[in-house]
Amino acid sequence: MNFERLLIGGGTLVVFLLIWELCADFGAINPLFISSSSRIAQAGAALVADPDFWNDVRVSAREFILGYVAAIVIGVPLGLLMGTSRRLSYIVAPFVDTLNAVPRVTLLPLLIIWFGIGIWSKVAVVFLGAVIPIVISALSGVKTNEARFLTMARSFSASRIKIFASIILPGMVPFIFTGLKYAAGRALLGVVVGELYASTAGLGHMIAEAGNMFQTDTLFFGVLIFTATGLVVVALLDQLERRFERWRPSVGAAT
Amino acid sequence: MTPKLEAQDVRLAYPQPRAGTQLVALDGVNLQVMDGEFVAIVGPSGCGKTTFLSVVDGLIAATGGRVLVDGEVVTRPGPDRAVVFQDASLLPWRTVLGNVRYGLECLGVRGRNADARAEKLIALVGLTGFEHHYPHELSGGMQQRVNLARALVVDPKILLMDEPFASLDAQTRELMQEELTRIWAKARKTVLFITHQIDEAIYLADRVVVFSGRPGKVKDSIAVDIERPRPIGVKRQTRFHALEDRIWALIDEDVKGRTAADNS
Amino acid sequence: MKRLYLAHERAILGAGGVVLFLVLWEGFERGWWAELLQPLLGPEAARFQLKPIFISSPTRIARMAFDMFFVTGAIWKDLGWSNLEFALGVALAFAIGIPLGLAAGWYRRFNYAVEPFLAALNATPQVAFLPLLILWVGTGLASRVLIIVLLAVLPIAISALAAVRTVDARLVRVARSFSSGDALLFRSIILPSAVPFLLAGARLAVGRGMIGIVVGEIYGSSAGIGAMINQAGSRFETDKVFVGVLTIAAAGVALVELIRRIERRVDVWRSQVAA
């Protein structure tokens, strides 16, 4: 991280927050509409002491984790099977492609009819949002395996299981992580939309309520929690990926 | 004495369904390699050298004729033959040790035993100390040493080498040629070595087989009567140049003939 | 016969799977499977017949679609609204995203300044801002357009940024050696090389924009296809919900295909220029 980048980036952020604060404090814009950094901090402090808030966090976390984990558990093997069996991929592809073309949140009204307005309709929409990118990335991970490695393995009379475990699976890892990161965004989107649309608890529900009651500070705090979650999940996946990929040469590091 | 490796009238033709014809890649290749012999195959590019190697390894089935190893017909890859690949084909997610051990794992050899054998071969190719490095941390020459060790570790009777030094720079290539003769003197394998470098073929081999291009077949076979060990300096000697000229003339004749045919 | 199958294996298996799925579905609604299993399971078999409000059926959906498109024509008004929102939203996203991304790619310091904001927005599920937007501009057209902009602007800006970053340094050097100014350099080298990136960004933006339409409309709106789905859902008119979902799916497929075509065109043009 170079110093100039830190200075300019951090500086702009501070100036932005300051202007925001001043606009609200001196009444240039009604704080009811835009809140301000100090008000958001105060609202956050109050919420953290409130057990209802923690209940909302628990509900949202449960929806996210259940839906996302189910998407991984089903998506990775499905993509793998589609990649290894041409016939299966012919049969499943129309369904995957169709689902991929619809924003899965469109299915919410149906999911609510099927699963009610409790946590399970949200788990379902999170699952549907996340599973498609995971299937597609796992599938392309199998498909793009390098032919020269397969030739090498066949030349050593490797068994099918050996080829799978030593060549195909390790080759898939970077694709799967790309899919997982993308899917995490889709899963969070599912949580938010599901809870905005119809729910009795959860952070999305909290945001919606706050919006209805003009509690802009609470609303912003809720959005910030989602931002933080998105950042943390991707950072965790990056960490995990690095552990899996110690062998990879570091080309053009992102800085 | 039966040859270690024998190709009898090996043919390979790919059907071309669109045109309703066949693309003939190999047109009756006959070749005998004796036990412990080092044979190099040279020929113009596209003459089917590499394809022939894949047929000998059993990766591609011939459409005619047969390949025998110790009098037995080859139908698929087996531990009696091992390939040193042109582009190293090292698994990037495995260390040097893991890559060398790979062939053993495929044969079901695991654990301490596999590690010990792999380490011995790593020492033979001069990479002791690099066991836990990943391929991207190695130079091209070092990668080819790993490639060679991986093939040798399964203790094959025949080593099939597919232009292994083609992508190395000139100095590294000469160094690797010297290294290979040293390792070959120790390991005493029967070797079939594909190359398009005439000097490399002469320097390494007991016998140089010249392929003619498209479809590939054996044009001539020339014994290299230069005693071993061969210091790299032999490449500067007149008898070496004489051999080079002779082989070059054979290939040249073929290429010119083909160009003329293409133009007519 | 066998050769015919092998030649069209993909189409046959794909269509077969879909037909099987539709028949299964239809059978659940019409009670075919309940009847079939009656001798085996007795009264338990009734569980294999499902209520139409629960799952609808392919034929019901087809009939409803026919009705909505060609008899009452009720869906056209909603489609009109959704199209308007989508067009406005995506156009605005391009108008903001392209200059933003190009500037961030070209001026290092500007990039440093906007980086934290873009990163934060990228990590947030942008739909969480919807209640805020509604608080600001109400539930009308404006909030629906704005949520589309918010969702679609990032992929466009990021692809524009990537486009500038990956411009072939050799081309820039050549242009510089002819002492061309920044403006000319931009027009002659950077913009043309950016086109494929922008199209890839557009493909992502279209997907995001579709999410924006749906979310903006199902959450407190009275017009558009999403609102139609929402109302139908709350009245348990499952057939109608499915018609809406499938209409959106069809539009999504068509749009992505359209951009793919353009991409291929541009690719051809580029390789011809290169050759």
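First chain written, first letter: the chains are A, B and C, and each begins at residue 1.
One rule holds for everything that comes next: a residue touches a chain if its C-beta (ideal position, glycine included) is under 8 Å from a C-beta of that chain, and two chains touch if they have at least 3 such contacts.
None of the values given here were measured: they were computed from a predicted structure.
Chemist: Which chains end up together, and which apart, when subunit A is taken out?
Modeler: B | C
Chemist: Looking at A-C and A-B, which pair shares more C-beta contacts?
Modeler: Pair with the higher count of C-beta contacts: A-C.
Chemist: How far is the middle of subunit B from the middle of subunit C, if each middle is the mean of its Cα atoms, in Å?
Modeler: So the centroids are 53 Å from each other.
Chemist: When the C-alpha atoms of subunit A and subunit C are each averaged to a single point, how far apart are the two points in Å?
Modeler: The computed centroid separation for subunit A versus subunit C comes out at 18 Å.
Chemist: As a quick test, compute the distance in whole Å between the mean CA positions of subunit A and subunit B.
Modeler: Roughly 50 Å, centre to centre.
Chemist: By residue number and range, which residues of subunit C touch two or more other chains?
Modeler: Within subunit C, no residue contacts more than one other chain.
Chemist: For subunit C, which residues are in contact with subunit A within the complex?
Modeler: 9-10, 13-14, 16-18, 21, 53-54, 109, 112-117, 119-120, 122-125, 127-132, 134-136, 207, 210-211, 214-215, 218-219, 226, 229-230, 232-234, 236, 238, 241-242, 244-245, 248-250, 252-253, 256
Chemist: State the interface residues of subunit B toward subunit A in the complex, per the touch definition above.
Modeler: 57, 59, 76-79, 82-83, 85, 87, 89, 91-95, 102-103, 105-107, 134-137, 154
Chemist: Help me check something: in the complex, which residues belonging to subunit A touch subunit C?
Modeler: Those in contact with subunit C are residues 4-5, 8-13, 16, 33, 87, 90-95, 97-98, 101-103, 105-110, 112-114, 185, 188-189, 191-193, 196-197, 204, 207-208, 210-212, 214, 216, 219-220, 222-223, 226-228, 230-231, 234.
Chemist: Can you tell me which positions in subunit A touch subunit B when the two form their complex?
Modeler: 148-149, 151-159, 162, 166-167, 170, 173, 245-249
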